[in-house]
Structure formats: C-alpha cells, structure tokens
Amino acid sequence: MNKQNKFDSTIEKIARTTANKTGRRGFIGKLGGFLVGATLLPLLPVDRRGRLKDAHAATTGTMDRSGFKPQDHDTQACDYWRHCSIDGNLCDCCGGTLTSCPPGTSLSPSSWVASCYNPGDDQTYLIAYRDCCGKQTCGRCSCLNTEGELPVYRPEFSNDIVWCFGADNDDMTYHCTISPVVGKAS
Amino acid sequence: MRIFQHYFRNGRSAIAGKIAIATLLAASQPVLAGGAVPSQLGSEATVQLMDEPTILTAPPSDAKRVYVLDPGAFHMTSQIFTIDGNNSELLGMTDAGKLPHVLLGDNGNFMAVPSTVYNRIARGIRDDYIEVFDTRTLNVIADIDIPEGRFLTAVMEHMATLSTDDKHLLFQQFSPSPAIGLVDLEQQKFVKMMPIPDCYHLFPAPNQNVFMHCRDGSMLQISYDNEGNTQQKPTKVFHPEDDYLFNNPAYSRKSGRLVWPSTNGKIFQANLSESGAEFLKTIEVFSDQQKADKWRPGGWQPVAYHDDRNEIYLLADQRAEWTHKLPSRYVFVIDAASGKQLRRLELGHEITGIGVSQDDKPYLFAVSADDATLYTFDAVTGKELSSIDELGRAPSMVFLPRE
Amino acid sequence: MNKQNKFDSTIEKIARTTANKTGRRGFIGKLGGFLVGATLLPLLPVDRRGRLKDAHAATTGTMDRSGFKPQDHDTQACDYWRHCSIDGNLCDCCGGTLTSCPPGTSLSPSSWVASCYNPGDDQTYLIAYRDCCGKQTCGRCSCLNTEGELPVYRPEFSNDIVWCFGADNDDMTYHCTISPVVGKAS
Amino acid sequence: MRIFQHYFRNGRSAIAGKIAIATLLAASQPVLAGGAVPSQLGSEATVQLMDEPTILTAPPSDAKRVYVLDPGAFHMTSQIFTIDGNNSELLGMTDAGKLPHVLLGDNGNFMAVPSTVYNRIARGIRDDYIEVFDTRTLNVIADIDIPEGRFLTAVMEHMATLSTDDKHLLFQQFSPSPAIGLVDLEQQKFVKMMPIPDCYHLFPAPNQNVFMHCRDGSMLQISYDNEGNTQQKPTKVFHPEDDYLFNNPAYSRKSGRLVWPSTNGKIFQANLSESGAEFLKTIEVFSDQQKADKWRPGGWQPVAYHDDRNEIYLLADQRAEWTHKLPSRYVFVIDAASGKQLRRLELGHEITGIGVSQDDKPYLFAVSADDATLYTFDAVTGKELSSIDELGRAPSMVFLPRE
C-alpha cells in the first residue's frame, strides 16, 4: 500500500509538471523538467545479469484486477517492472530485447511514458515506451498493463495509440514495444 | 434513407466502374488471375446439383441487431460479425483492415467502415478508405478514398462518426496535426481536412455540428459547411483533471445525450445540440461502502445508455486502481436523472464491452474478448438468454443501430 | 468396419470411373457417368426438419485418428455426414446454411467432390463441396475431415485447393464451404 | 552467393526507387500519412533515453536455423518465424500474404517468399509478388512483380522452388491453364509463364532442369532456357494409382534425392539430375504386424531426409484409414538404402510437420499446429531438447537451409 501511494504520487507529479510547464488548460505539456534531471542520472537499473532466456516463453505474469505486481528478474514476463504500462507485445519475445527492436522492424523515435516502480532497488523510474513498427502484431507475450495509463486526450501517457510516428516509410503498424529507461522519476 | 437509396441507384455503378478498371489493369498482365474455371478440371468443376446453392440475404435490421468488432490486438485485418441479437444467430461477417470504425446509419440499414490497409501487409503503401455496406446483402455499395490520415488507436467508438442526418462522415486525424476529415456520403467523396485544436472524439449534433472533448476538460463545438469551413466555440470545463475519463463514452445520436464515466466512478453527462452543450449534475456511482470495497468501473467499452428508459449501464467490478481496462463481471444500472443505483446485474463472465438495445424490452449485449463470445442478457432482470462464441481473436466492442 | 469398406469401394468406384472415361494415364478425368445417374435421382436426404440452431455453436465433432464417425442430426458439427471431406469452415456457422453462402460472399461454381455415407438412411451420396469466396477465413466451426480426400495431383478430390475458380471478381479467397448433394453414389 | 551480393549492390537501390515512387504518390494526396512526429506531442515524443535502443540483426544462418510458417487456415496474412534451432530462440518474424512459399537460398542467406494479397482484405485487386529477404536483417532486398497466377492451396513446399543455382525462381500456376512461372532473380524480373501438361510440384535439378509429378504417376523433366522456352520429357510411371502420395514429399536440392511416402506406408524414392530420374526400390515402411496394429503415416509435412546419413524421417501413428492429414506422435527413422527401420522416436506431442538439420549432429524439428509450438529433438536419441510456443495461429511447416 505504501508503494502504491508512492507510485501514485509519481504519476501525479508528472501530471502536475506537465500542467505547470504549459498551464493547466494548455494543449500538450512537456516533460522538460524531467528530462534535465534524467540525463544527469548515471546509475540505471539495467539488467546486467544477462537475459534469462526461457525456451518455453508462453505469456506469463499477466495482470489481473488485483493490480500490477512488479518483479525484477524475468524481462519476458508481463509483470517485469519496466512493462508497467504496456498494452501490447514485449519485443523481448519477438526477436528483440528489452531495449532493442527485432530485425526488419523500424524503431519509432516517439513514445508514451509511464513511471514504474522497481522492486529491486525500491526506486521509481520514468520509462519511455517505444514501438517497433512495420510488421504485423508480433503476438507473443501479449500484455495489458495500465499502471498510470491515461486516456487518449492525454496522449503522452496513452498506450492505446499506435506509437509509430516518425518510423521509417510511414509504417504506422504495430509489431511490439520496448521499455527503455529515461531516468529516475523521483 | 434518401442517401441509402442514392447508393443503390448510383453507388453500384460507381463500384462497378472501379472493378472494371481493376479488371483492365489485370488484363494488361501477361496472365489473368484464377477467375475462370480452369479448363483442365472438366465437367466436375461445374457439376449439376440436386441442392440449389444460393447466397443468403440477412433479414432487415431491427432494434436487437448487434455488430461485434474483432480488431484483434492492433492486427492488420479485422472482422465485423452481424448478429441477430434476438437469438444470438450469426447472420454474416464483414472484413476490414487495421483498427476500423463501425458506423451504423439509417436505423441500421447501412454500415460505414473507415479502414486502413498497407499493400505489403504491414508496410509499403498505406491506403485509407471508407467502405459502405448494405447491412442485408453485406455487399459494398460505396468505396470512398480518403487521405491517409486516420488516427490509429485501439478502436475508440467515437473517433469517427456519421452526422445526425447521415449526410456526412467525420473521422479524426492526429498526425501531422489535429484535424477532422470531412466526407460527403451523398457525393461519395472526401471534402477536406478541417484543422482543429488538440481535441478528441466526435459527437454529432443536428445541422452540421459536432462536439469534441479537449485536453483541458472542456468541449469544443464545431459547425461546418459543405466545403469544410468551420466555426469553433469552446464550452466550459466540465470535469476536473484528475477524473480520468474512459476512452469509450456512450453517446446517443438520437437524443444528443453524452454519458461519460471516469475511472474513479463518477459519471459526467451532457445534452449536446446545435445550441450548445448542457451539462448535467455529476453522478457519483458508488457509495462510500462500495468504494471501500474497491468497486470501480472497468473494461474497454464500459458504458451504455438507454434513451427512453434514461438508464445508464456501467461495467464494474472489485478491483485495484489502475486496472481500468481489465474486464468486469458486473453491470450497475443507474438512473440517469437521479443518479441512483437501480439494480446490479451479475454477468458471470469476464466482459470487455457492452451495449443495450433501444427497444422497450431491452437486451444487454456483453462481449468477452477472453472468451471470444457475445453474451445476451435481459437488461431488466439480468437473466442470461443466449450466447455465441468463436467470434475471432479478441472481440472487444459491440455496436447497435440508433445508439 | 462394414460401412468403412463400403465407403472405400465407393471412392474406388469414383476413381475407376474417372480413369475409365479418360484412360488411366490421361490428364484429368470427368465424372460424366456419375452425373447422368445423379440427375435422375429424385429423392435426396435433404434435412427437412429445419435447422437445429445451437446458439452456443463452438466447433464440435472434430475428427480424430479413429476416423470420421458421421451423424445425421447436427449440421453445424464437423461430424455431420455431408462434411466428410471438408478442410475448412462450415458455412452453416458463418451466416450461411448447409447449402447457402453467407451474405456478401460469392459462390464458386466449381467444386471438389467426395462420397459420404449417411447413417440416417444407410446410403452413400456424392457431395460437391463449393467454397464461398471473397471474404477472409470465417474461422467458426473449423473442420479437418479427409474421408476419401486425395492428393493435389487428383485435384477434383483435393480439399487443399482454394476452390474459388469462377467466383465473382476473381476473388480467390476462402471464407467457408457448403455441402450440397449431387446424388446417390451407389 | 553472387546473386546475393548482387541484391545488396543493386537490389537496395531498386527498392529505394519503388519507395520513392510510393512517397510521390502519397504526396499527391491532400494530407500525408503519419510519418512525421506530430508537432503537438512536444518534446516527450523524442525524449532522450539513458538506454540506447537499436534494431537487432540476426546472427549468420547455420545448419540449425529453422523457419516456421504459420499460414493460418487459408488466412489472408501469414507469419514466418526465424528461429535459432540450437536453443529455440526466436530471432525475428517476417510477414507474408495468403498461402506464401518459403524458399531458402544461398545456404540460408536469403529467403524468397512468393505471396498474394488483395487490396480490400479478401477481395478487390489481387497482387502476386515475390519478396526477397536478407535473413540477417530481415529487410526486403527485392520485390518482384509476377502475374496473378499463383496456385493457391494449403501451402505445399514444392509448389514453388529456387533453381539449384539460385538464379531462377519457379512457381506453379493451375488456372486458367497449367503453367510454370519463371522468374529471373538476377534481373529481378518475371520472364514467362511456361505451359505444361497437368503436372504438379517442382523439383529442381542442375542446369535449368526441373521435374514435376504428373497425375498418371510419372515424372516430367522440363529443361528451360533464360527466355522460358522448354523441352519436356516424361519418365516412366513409378507408383500405382492407388498409392496416394502425400502433398509434401522431401526433396534435397543438394543431392537431388526425392523421398515420397504414400498414405498407406510405402516410400518411393528417386535421384533427379540433368540426365533424368533414377527410381529406387520402393520401401515398405511397416511390418505386417505394424500394419495390423494400424500404424500409418500422417501429418501435413510428414517426411524429412538427411543427406549424409541417408536417413528418412517419417511421421506416423496408429490411426484409421483416411486420417492422413491429422497429426502424429511418432517418427520412424528409416535407412534410405535398405529400407529398414532404424529407430522409432516418441515425440510426445501432436506433430503436424517435421524437418531435420543437415549437420552431423542432426536435430529433428517438429511443429505442432495444435500447440502453436516448435519442439526440438536430438534426431539420433529422440531426446526432447527445447521448445518455443506462441507461434501464431496454426504453424504447420518447418523449413531449413540446404534441405
């Protein structure tokens, strides 16, 4: 319950930051304040233990109504902490990795963001989800996580959009999602 | 109705013309496609039968006609299932491309489907278009080219709409800049991308008016003429920033009633008309005790509204925060005037989206993406009446005429 | 076992008839002899009891390695006797009927054939399977029946071909299959 | 190899040219597609990351590279999964249209995929084409237009083929008349539909020869020149009419060995070369006792052949007659010279199709359409080594380099 509260306050902070930068009633806010902080953070919770490849990689860790319960050891499970706001397929199960697109896809430079809690170091990080585009839906490791996910009128937090803006060849087609870290969110 | 007849008179020949061009193109290839019966197959290829095979036509649409959309999970092709909701009988299927909209016009006599395809499955040349189908024959009666501007999201019912008089179709563009695409259905042609500010959803009102919901919590009223020139007027802010509204509100083209729940259990309502938006008193759905017991709304298409009964149907379950898109097993029926809970229906299945028929013996239609099944309930008693399964990969939305 | 033998001999009879008409080593034979007989047969096992619509029409009656075991009461099940050689979807589950295509499809005038045993009258009938075309695969009531099904070099008995030759608009795309009767096969 | 390098030198620019044309076409539309990052998204759209996202490249192909094809059930789109068979690791996916072929050339360095799409999902204008992919980047290195003549059947491995030198690609037409489509891969262009009699499958032999199997039980040897002129010569009849051959025989482009089981448990073999077809002694796979116990072959891709070990792998199970397409749970390993059963592998899963790696520690790859899973076994001991699941809707075939 404590962690949940902490998480909520992070999301609220993002929302307020956005509002502050642009005025509550402005159009779309910017995460500028965040980014400055983020790029100064040298230590990242990147998993350096190598990937725990499970040959039998059925979709696991699916969220239910009891909420998102993050773990920090299996990047190919839906409940891996960085995936807290992914509605789609983990690229790690599609020929990519946690932060790389599969061969033959195109990486969109645009992203939606969420604030995810890492149980490994008890810290919260900002994740910028990027879609790998130009192939049909991967179909493996399908996750529906919605931690901090906002409606479409707050597009920068919405995971319902095909986030392929700026992808090669104008391919607005969804294949899978990677979970790179922007930086600490608190 | 006039438009519909127009399609039959002129639409057919327009389509036939397109096909003729396609055939000409094909004929310029060295070898034709497999259209003719291959000569080497001999007489068994056209064997005479004792049975008389035919192609069926669906019965006319009624209040309990239901369309179930399976867009998959952002897949490149979709299926729309036409179902007789009286008895869960499947009447036919319609194909569409990536993340299509399902727009029912003329009391359900036609269906317009804005759609997107690529010529190499998920890459290559993009083509956006609107197909109009006769809902009895399921034949295409118009195929209208539009700019490649559809905003591709998990399907949101009101990101495209027919005007209240079925003369126009409007669809939303997000990139490279916000706009509404205006399509003239009578002329069967795209008119213009009409620039708008950063607003979302399209709720039509009479006499070429449409309302959108903007990021700041206000609505924007847009009047447009036949050439796509607009006048735009904002309403007041009607909901706080931290009441996050669901992506799929209920809206009645007939009455102009907009019913919009938030993830924390409030319901915002407005009556939209040419003269503006009239906002109603916000409903707090759940009691303090229910909130303490973690009752919250949830699902993809979580709300339906019955015009004549003035009843709101809301998908809900006991759940943690931030699980607002997961399915629910219950529907709370709320009086839209008083905000009181009238009854709670236990559906017994994991339901993704709901709709209610607008007749005086209403049925509640509840689709489960998990089960790929449409369940039908008596909307008053909550009794499960029938069901139909094997509806594709992940059917997530239901559509009814006149809603 | 008796029925199985009877069935086999029917298939063989078709094969021989085909061979006789055109010479064993000719190209593709004709079912001419059959057709003359068939069109003279007035009595057909058409189900006149009306369709037994099951609202919950999951795929049932799927064949396993013990072979095709026909029944004569549920036209929407894979083991309905007329479906003995269908690899695909029953139009009866797709908005059509046992002998009618769903709205919006096009009916191919071409067909593959099989000889199916009807347990209701202990007779064997020739079925000319016709595909309804121009829509993507229906997906409901998927059956893989192969009673008397022959390899592709005997195309008139092969259910692996998209049988949309002659369909409207050259749409060589498979939606579902109907099971009209040609006539008695013995 | 030469062809492959050619693609890299010239193919790329050809493709780039096509895309440029596509862009020009798009630019003539009133509004462009969503390629640019929408201005209204602001800086978060291109936020700077601590991680460095990249696009991966697969390691070079080896003998244990496996491709699994999921064509669905006559569906309009297909997926091809690239898998490192050493450890069942998924390396990437490739899209294709309706009932595509998977043709591996240059020891697995490129993959050619003849495919078919329609511009309105399953109707409208048909487009047949061949895409050539670099198997490391999975990028398209050529897109070759062909006439709309592909014979659309549940995918049969040998209805399209590369020539033994990878210079040509051949595909089969059935309607309106039997023919072979000849494609020049070096020139990246379609050459000609070459008329043939009523024969099926394409087994390439050196120096522009290809063999087909005809209805009467003979083979037809076809020699073709670069312009698509043919010389055709029939072989003797090599199997009786009532031995029904499976639709998917095993054929080694390397050795010219054709291995073709019938549904009643015989195996016909031939060595195909420029000088003709040499037919080997027919193998009777099962003993009288095994036949009495109803052992019969069955599956969609029921046979594989290991060149150096001269071993035949045959999917089989105890089954009724006329169940030849249902999956099997066992593989019988047969000595191709003596016809003797060497060993029987119990797979423990319902297997639809098999392939074997051509190295000296061969793995048997077995795909289950029911489980949507590829299982990997030691081909000698039969021990299950690994598996990978969630491979689409109904993956039914495996392909390996050099087979």
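By written order: A, B, C and D. Residues from 1 in each chain.
The rule is simple: contacts are C-beta pairs under 8 Å (C-beta built on N, C-alpha and C of every residue); 3 or more make two chains touch, one makes a residue touch a chain.
Since the model is a prediction, treat every value here as computed from it, not as a measurement.
Each step here moves to a touching chain, and the least such steps from chain A to chain D number 1.
Set side by side, the interfaces B-C and A-B show unequal numbers of C-beta pairs in contact, with more at B-C.
We define each chain's centre as the mean of its Cα atoms; on that basis chain B and chain C are separated by 37 Å. If you average the Cα atoms of chain A and of chain B, the two centres end up 29 Å apart. The geometric centre of chain B is 40 Å away from that of chain D, both derived from CA atoms. Centre-to-centre, using mean CA coordinates, chain A is 51 Å away from chain C. For chain B, the set of residues that touch two or more other chains comprises 26, 32-34, 36-38, 40, 76-77, 95, 121-124, 126, 148, 152, 174-175, 198.
Shown for chain C are the residues that touch two or more other chains, namely 27-28, 135-136, 139, 155, 165, 169-170, 172, 175. Residues 22, 25-26, 29-34, 36-40, 76-77, 95-97, 117, 119-127, 131, 140, 143, 147-149, 152, 173-179, 190, 192-193, 198 of chain B are the ones touching chain D in the complex.
Of all the residues in chain D, the ones that touch chain A in their complex are 19, 26, 32-38, 40-58, 77, 79, 82, 87-95, 133, 136-139, 386-390, 392. Listed in rising order, the residues of chain A touching chain B in the complex are 4, 8, 12, 15, 19, 24-28, 63-68, 87-89, 134-137, 139, 142, 144, 146-155, 158, 160-162, 165, 169-175. By the touch criterion given at the top, residues 72-76, 98-99, 116, 118, 121-124, 126, 148, 151-154, 156, 174-175, 197-200, 213-218, 237, 241-242, 244-247, 298, 317-326 of chain D touch chain C in their complex. Considering their complex, residues 27-32, 35, 38-39, 41, 44, 46, 53, 55-59, 93-97, 99-107, 109-111, 113, 128, 130, 132, 135-136, 138-141, 155-156, 164-167, 169-170, 172, 175, 178, 180-183 of chain C touch chain B.
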